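What follows is a single structure, and I will ask about it in a moment.
In order of appearance the chains are A, B, C and D, and numbering begins at 1 in each one.
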């Protein structure tokens, strides 16, 4: 975990000032059960299906960011992220689910949960109403949080954990490197975009996005309750 | 209820093809309890506070529609609706709540529920990603549904119902007239905008918005459960 | 002219740093000829027709701003401006042109000039790609510049000037008051939105919008040249 | 030229119904001089610099389209086009200009002409106000017209034409193939998006975009006139 610059710059400040929401997100019962290997498979499967639907919207959000970023390198990086989500991350979910007999058409046909709708459309609307900085702040909890969670779970391995491949995906050097880059980019964008003066509004966006990440884990828990 | 053109044109077709979602919305337990006068006051109060936060976003959605509508009269009508929401509907909620000691600052400071976030941002993002027709279809369940619910509850009055003023607000001739106008405008916009060819996509939007309306009543029920 | 706070705050700084563009706009040969009463009528008529088409887009821009402004009072003020443009300013153009036998359908049917397209779509796209501050900075040269021009021309009246009513429209107390309000609102929005850190980008927007205002006067001059 | 499906489907209908504008664009004096090899070098250089600035906005437009396209394959194709413009087309312009001693920083620092502003912001605003179909119709004249122009000029080669590499770029099999794909995609999008019912509005967009393409050639001619 020492590798992740979690306390650095604008991101570090937002994370510290949203400590309650951040903890609810990164220490959610779903996360702990995932790390202990005790999460019931149907819950994880439902989570993966909803996460697949989430990734479609997340790729759209990075595409919108690319349109809004005025620095050419930042624009190019956002396009690369959108393509990574579509070409690498989504096929990974498909492969994972295929092992349980859940097909790609099943995943495409699943209705988005209330949590997916709330989180993704909140982020996208932030981006439409605001500028690239508003959007990148709304996107930050997801990308960084998964790396932080991955690192925390990897530090306390459970032998024979069936979810180890999921943990590995978010602790790999490629992912960690992309998170570092994202944290540094947000800093530059924040400096140029007046983040200090806009801080109350950006913190509100960050807190809401973090709470929606926490709520998103519930998509999994509710599956069993027949909702 | 004979006055409302519920079975007319594009709206009528969407309502018929989303019959399951529409019934879940208009015959929700919350609605029935409201009509019977048996709804616990705290649930109604919580609903009103969230509905107040909803109206802010709904006014923004009509403002976005005004930007997107290319017919000058339609643009002007959307601006009027946005102003009606801000200047008439929201003060009505404030006045209502004031009677229970809930102040305007209380309402402004309340965090948006998951249901408000999901519904309003879904509608706004539909509008940003699509055109005016996509947005007006996403807005239709709210405006028409409240008139239909009002008419249904008014037809079976409960003596001494403390929620009678709420029912009256959505059965008044002004509101009913505005709903008729909205249904007719949607028809014209649909004809011009190729609604027939776009029907599968528009129906999907309408169904999701209707389901989110149904889910929105839950904002009230959950209050008591401490969520 | 002492009434206009032209050297105040964010607007004053932008105006000073775009002095060359601002002079080209406010001291354009078209403006001087208008003040001297020597502007050929066909040029003025063509200008008014294009200005009518401009106002439609300008009203759309204030509508977009209303969607993007997160302060409720600012949102309400932007809606009022949009309605003022549609209900007061545009009818004034129609009435003016009617005196020369140019009808409202003539005006509606006229194709937008290159200058109108460039200016209005630049402003609208600034608003879509950026946030409310980007948009309000792009809108500022028009609203303030006309008041400054009106004041300058009113200070050197030409007896019998046929364009006196035009000059009067932009020197009336209502217009001057609305300009003061706009300059003060921009200041508040700039403070909240980090204008100091974003200044290079905002200045670029302001300069481009001011140059496009200057180019817009040419819409009139070119008419005679058969373009 | 037989390879290009210029008379096919929605695109073919738009092109036929905008015949006057299309001819003014594809048979512009600039184009003819380019084909004859008689175009003065400074005019071509100025055109290339403005075309470079155009490409930045064009890449943004395809990025915006990717956000708006609801079919995953269409979204992916739009992202590929944006990346092609940034990674291949723009470096080609840089390489071309470098031969004349015009550096990349020179190109980046050049102010956008009135024509570039009008064309690119018109297209982008169409996309923001409308849906993906509105945007793709606004983008069509550029992509297809250059292939048609390339084919026409290649059919009447001028020995020793210094602009032959430019002509070759738009007659290569890759470019021609991408144009075919674009014409077919527009057809599918039009069928799904109700193009028949929306035709008057789409034709207006197409005509304006085509006229703005014609005007864009003037960017080159005006350079010499000191404007």
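Everything below uses one rule, namely that a residue touches a chain if its C-beta (ideal position, glycine included) is under 8 Å from a C-beta of that chain, and two chains touch if they have at least 3 such contacts.
Everything numeric in this text was worked out from a predicted model, so none of it was measured.
K.L.:
At the place where copies chain B and chain C touch, is the share of residue numbers found on both sides over half (same) or under half (different)?
P.N.:
same
K.L.:
If every chain is reduced to the average of its C-alpha atoms, which one ends up farthest from chain C?
P.N.:
Centre of mass proxy via C-alpha means gives A as farthest from chain C.
K.L.:
Mind checking the centre-to-centre distance between chain B and chain D? Centres are C-alpha means, answer in whole Å.
P.N.:
Each chain reduced to its C-alpha mean, chain B and chain D end up 44 Å apart.
K.L.:
When the centre of a chain is set as the mean of its C-alpha atoms, what distance in Å lies between chain B and chain C?
P.N.:
It comes to 37 Å between the two C-alpha centres.
K.L.:
So what's the Cα centroid distance for chain A and chain B, whole Å?
P.N.:
Those two chain centres are 31 Å apart.
K.L.:
Can you pull out the residues of chain A that are in contact with at least two other chains?
P.N.:
In chain A, residues 60, 67, 128-129 touch at least two other chains, as defined above.
K.L.:
Give every residue of chain D touching chain C within the complex, in rising order.
P.N.:
Its residues touching chain C are 60, 112, 114-115, 117-118, 121-122, 124-125, 128-129, 208, 212, 215.
K.L.:
Can you list the chain A residues touching chain C in their complex?
P.N.:
67-68, 70, 128-131, 134, 191-198, 201
K.L.:
Name, in rising order, each residue of chain A that touches chain D in their complex.
P.N.:
Contacts found on chain A: 56, 59-60, 63-64, 66-67, 72, 75-76, 79, 82-83, 86.
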